[in-house]
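Structures are listed in the sections that come next.
What follows is a pair of complexes built around chain A, which joins chain B in one and chain C in the other.
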Partner chain A sequence: MASPIEFFSNVEKDSWVHRMDPRVKILMVLCLASLPLLFSDPLYLLGWFVLFLVLIMSAKIDIKPIMILFYGGLVMVFVYIMYGTFLAYPEETLVYAKFIWRWGPLVATDIGFYNGLILGSRLLILLMPIVLIIATSEPSMLAKGFMKLGMPITISFILLATLRFLPLVFEVATRVMEAQRVRGLNHKTFKERISNFKFLLLPLFINTLRQSRTLGLAVESKGFGARQWKEFYRDFAMTKTDWIILVILLIFVAAMLYIRFGLNLGWSAIYRP
Partner chain B sequence: MPESKNQVVVDIRDLSFQYPRGSVPAIRNINLQIKAGEYVVITGPTGSGKTTLAICLNGIIPNLVEGELIGEVIIAVDMNTKEHPVHELTSSIGMVFQNPEDQLFSLNVTDEVAFGVENMGYERQDIIQRVDAAIEKVGLVSRRDYSIFHLSGGQKQKVAIASNLAIAPQILILDAPTADLDPISSREVVGTLLDLRTKEPSKTFIVVDSDISDVISLADRIIVMNKGEIVLDGTPVDLLKNHFHELDDLGIRMPDHIRMMHWLNTAFPGQKEFFLEEKDVRHLMEKYTSSGKLIFTLPPEAVIPKPKEDPVVRFMNVSFKYKNGPTILEDVSFDIQHGEFLAIVGENGTGKSTLMKLMSGLLQPSKGIIETSGVDTSCALEEVLNNVGYLFQNPDNQLFMGTVAEEIAFGPRRQNCSEEEVNKRVDEALEMVGLQDACEQHPFTLSRGQRQRLAAATVLAAQPSLLLLDEPTTGQDQVALDNLMELTQGLIKNYAASVIMVTHDMDLVSRYATRMIVLDKSRILLDGSPLEIFGKKQDILARVCLAPPSMVSLTNNLGGKNECIPNFEWAISGAKIHNDVKTAV
Partner chain C sequence: MTTDTKKVGAVEALFKKLTAVDLITLVVFAALFRILFLVYKLAEIVFPWNHPAWYFFCMLCLTPAVMMVRKPGATFLYTVSWLAINFFFQGEIPLWWICAATVPLIPELYMYMRAKAMGGYKVAFGDLKELIIFGLIYTLLAYTSNMLLIIFALGNPMPRVLFWPVGALSLVVGALGTWLGHSVGKRISGLVG
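Coming up: the complex of A and B.
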């Protein structure tokens, strides 16, 4: 698991995404994360996937240190695929299925699997711009950017605290697992991880709680509770590039809306009775 | 507004506090006044209540920590901590915590220093002015745009100090500010505090630490706590001269030059002055040695076990690097014999911890072979782990069973010992660490000191042939550290085990280690006895920014002899006082 220094290693890189004003970056990611939800045609979803891949590559992001963000997403994708595959479809739908597998009350069909795949792909695509923004932004600048866009200070602070605490939990887990390994408790194979998970939980919880408590007290003693954010040391100033990106973004959003609703493209009925 | 000197800025009246699950109050009947511009050190053994007192001062208690608070704390003349939330007290009292890693919230130096003033809602111009001034005061101008991950421990602690200074509180509390730092970083932080004292004479500094070695030269006043109460309060000279044994019995870590000063005071009854500065103590020693009243003789060197065919650990041309990372260790070869106590020292990032993880089999070498008790760590890891005991800095990482007894029994059971043998080892280990009465308790209900002893017990019960100690001084007072070292000595004596310790504490090395390895730039720079390295290789140590123990500086070339004494115990055991001197020693 990545330490905080590894987890945030992408933030220190330099690319056009890193240099963007946090507000423009937030707007861009909000648009890019929500637009794919309008599409379900696999070809269009593939297009979104390629677009995000290009964006992540152009931002010089190394995926390995932030793989943990994908792990959670991949679990959700798997759950979605399973959900779609085993959803109880009406019998009249099943006549269209080319493949049916039954085991007790469970019924899996190729239609269900296809539906699950589309649902999972859309979730994965949604995850990509989120990874883009987390990997290229300092948590505090991101939270300040949200606040400048009108998000309540308390929610901005919660976001900031979550981003700061997440790698801390991974670091503590690594240290505890190492210490337990030396005492003969393994967390290597899947079976060992499952059976020894109970031994990991309490020390992980207590250590994370202690460390985050110290961090919490430290930030409280620096006036965190005042939540008086008005102005910042670093100025928020839109550059010419930011304006250009904003204009391109607006044109892109309009084009996507026109394709989807004006031309009625990009949607394939998932569920076909 | 700066307070005038002699004005009381901290006024504690009949203060007691008890945590919700505590059986006794953590602090009780505290009455204390601290004046503007005073530099106060609050010390005491682990669990004496000093940190609880510190967080009462800045309002964390009672605003954020639950418990029963009786009495009052008045800050900056008229702010009662019961009536103001923490952020309202922030502009009057700041706090720097022990571990720099646990208290920095932002990823960048400037952002972190600005964090507090931004929270307070100041105008941008004011924020810039305060942040720039604070960064300048702690000497971090050249690193203002650095990521905090690229700073040394000392620099991180300076960032924490600067982020408090930017808010410009009248009082700054520092909770064990050098406890988690290497010697270079500690010197950096102490230098900054000395500098700040000159730059801001009206600011009040309160340092809380069980080790007064680093901060003794800064203090105007020392307050000693024990069992939640203030037991001593006075100037450093008064306390160290007249209450030395009380401080020593409480487990307060003191530098060797202070121990030597006290010894000289006792050995030479005519010696009335008590010096705090190392150079003054050295002058005094020179005075006595040159007049022939005092002779220091070098005790015989510790016997280093002769190399055997079957060393406990054998490193053969070992290199290690993380995938896509820099080389951590390069072509390292050495053996460790049975019964050896090896200290591994070096700057942060030189590969000390990696070396320990390689020995325990947690990491595998990129090149070369490592054998632990004759077993190749890359082939039979389980067998290696049966022979290795690893005591981590934080005991909570290695405790996971439901009761103290089960925790200790885990190791012997894993080694397939009979139940009779398991019970025998559990009883022995419980007795050794004094936890017999707690054997059915959950490990996490014990105090930190008890958890540290329990972690030691789990290692002892497994009777390893190799014990690895990772920074054993962290978070320990002198008594707890002495106890741990006694246990390790017992392991060496009873089971011919070898002990390997990673540490920054050169006094500890000089007291216990029979051999030391100095790492530099991924390689072994020096390998020899502490006496030899501290005495004859000081120039090489200085090149890698390592300072020898303070006794070495005190006794270097003393009386024209080209030798030195590495620790206080050796110095006084070999000291001869002229017959004419009537001594109390």
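Coming up: the complex of A and C.
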């Protein structure tokens, strides 16, 4: 697990995305991470991929420290490609296949691979714009952005708390497992891992809760929830550039909707079994 | 820093009963869920049969969380927490957020009605039978929202025939997670205090 410091190593950089108002950034990412769902034609998907790549590069984001973000997504993409390729398609679909490869019960076809590629790339493309917001925004500014968009303080607090506690839970889990190993608990085989799971669960739950709840008490003692924050020490306001980006975004969204539904382009049938 | 002590939004008022300790408790359980969730990720190769693991771990962590907090809005905020973890540490499809964030609403409503009938949230969230029904509703809705995303939004050609057996197994495993979570919740409630 990457440490939070490493995780936010791109935040201090300076680019047009870094300077953008958090509210515009949130709206931009919401639009860009939803629109590609309307498209399934490989050519259009390639267009989305290139667009996101250009955006990430123009934001001067160093991918290496945040590579962990992509691991889960890449596993899913790989599984989707494999799943689409080896899915048991009916004979009436296989008739149209130009290439068929059989290995025991597994049948791979060009149709299946094409399907898998569409599914996998759609998933990858949907995850790409998220990097723009995570890598270029300070979590506190992001929370403030959400609050200025009307999100309740409770949910904004939760958003920030998740960033603090996930690494803590990882740390406690590692410590508990190491302590158990020192005491001679063996995790060699899969069966042993399953049966020893119960020895991990309770100490993990208790230790994490004990450590974290003290922070809750500290926050509580400062009057959390008694007041509604409306202004901030480090405030921000929409600039002329933000408004221009917002207008460009609206035009882009309208153009994409017109291409997809007005011109009926960008859709390629996905074969279903 | 100026504040407004009188005007509190309707949504904010809904969560007013939850203290910072409650919120952190929910976040910690959501974080625990996401760590146990790695098992689900590793089992992705057997998709869609890895799905029941998702509901098992989700209920295993949600049940002790609501048993400790025992207040309305806890299930919703637990869901928001793990969605936030998804967003920050994995990347998430915003469209699915809307779907997933509505999942806890009906279980919340069920517990609200049961709490009224039984004489309070403390009683309702301590009752195993009620928790299992609550868990089954949550699992059913979560499974439906997951499948809607996978089949219709992402266009996965998963054979429709698998929808029912995987769903049934998810419900059984989800109930098992709730049952185990209940015994974990009983133990840690006393130990943590």
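As a working rule, the second predicted complex is superposed on the first by the 183 of 273 C-alpha atoms of A that agree within 3 Å, B and C clash if a C-alpha of one lies under 4 Å from a C-alpha of the other, contacts with A are read in each partner's own complex, and residues count from 1 in each chain.
The criterion applied here is as follows: a residue touches a chain if its C-beta (ideal position, glycine included) is under 8 Å from a C-beta of that chain, and two chains touch if they have at least 3 such contacts.
Values in this document were obtained by computation on a predicted structure and should not be read as measured data.
Enquirer: Once the structures are superposed on A, label A:V253 by its partner contacts, choosing first (chain B), second (chain C), both or neither.
Expert: neither
Enquirer: I'd like to know which partner A:R183 touches here: chain B for first, chain C for second, both or neither.
Expert: In the superposed model, A:R183 contacts chain B only, not chain C.
Enquirer: Between chain B (first) and chain C (second), which does A:S140 come into contact with in this model arrangement: first, second, both, or neither?
Expert: A:S140 contacts chain B only, not chain C.
Enquirer: Going by the touch definition up top, name the partner, chain B or chain C, that contacts more of chain A.
Expert: Touching more residues of chain A than the other partner does is C.
Enquirer: With the two complexes superposed on chain A, say which partner A:S40 touches: chain B (first), chain C (second), both, or neither.
Expert: A:S40 contacts chain C only, not chain B.
Enquirer: Applying the touch criterion given at the start, work out whether A:R234 contacts chain B, chain C, both or neither, answering first, second, both or neither.
Expert: Touch status of A:R234: first partner only.
Enquirer: Return first, second, both or neither, reflecting whether A:A97 touches chain B, chain C, both chains, or no partner chain.
Expert: Neither chain B nor chain C is touched by A:A97.
Enquirer: Could you tell me if A:F224 is touching chain B, chain C, both of them or neither one (first, second, both, neither)?
Expert: both
Enquirer: Mind working out whether A:L265 is in touch with chain B, chain C, both or neither, as first, second, both or neither?
Expert: A:L265 contacts neither chain B nor chain C.
Enquirer: Scan A:R210 for contacts with chain B and chain C and give back first, second, both or neither.
Expert: both
Enquirer: Same chain A residues contacting chain B and chain C, which ones?
Expert: Shared contact residues on chain A: 139, 202, 206, 210, 215, 217, 219-220, 224-233.
Enquirer: Note which residues of chain C are touching chain A in the complex, please.
Expert: Residue list for chain C touching chain A: 1-5, 7-9, 11-12, 15-16, 18-28, 30-32, 34-35, 41, 44-45, 47, 64, 77, 80-81, 84-85, 87-95, 153-159, 184, 187-188, 191-192.
Enquirer: For a test of understanding, state which residues of chain A touch chain B in their complex under the given definition.
Expert: Where chain A meets chain B, its residues are 4-5, 8, 11-12, 138-141, 164, 175-176, 178-185, 199-200, 202-203, 206-207, 210-211, 214-215, 217-235.
Enquirer: Can you list the chain B residues touching chain A in their complex?
Expert: 55, 58, 60, 64, 85-88, 90-91, 94-95, 97, 99, 102-108, 110-111, 114-124, 127-128, 131, 147, 149, 160, 163-164, 167, 357, 360, 362, 382, 385-386, 388, 390, 392, 394, 396-401, 410-411, 414, 444, 458
Enquirer: Residues of chain A touching chain C in their complex?
Expert: Per the stated touch rule, the residues are 29-30, 33-34, 37, 40, 68-70, 72-73, 75-76, 79-80, 82-84, 87-88, 115, 118-119, 122-123, 126-128, 130-131, 134, 139, 150, 152-155, 157-159, 161-163, 165-166, 168-170, 173, 201-202, 204-206, 208-210, 212-213, 215-217, 219-220, 224-233, 270-273.
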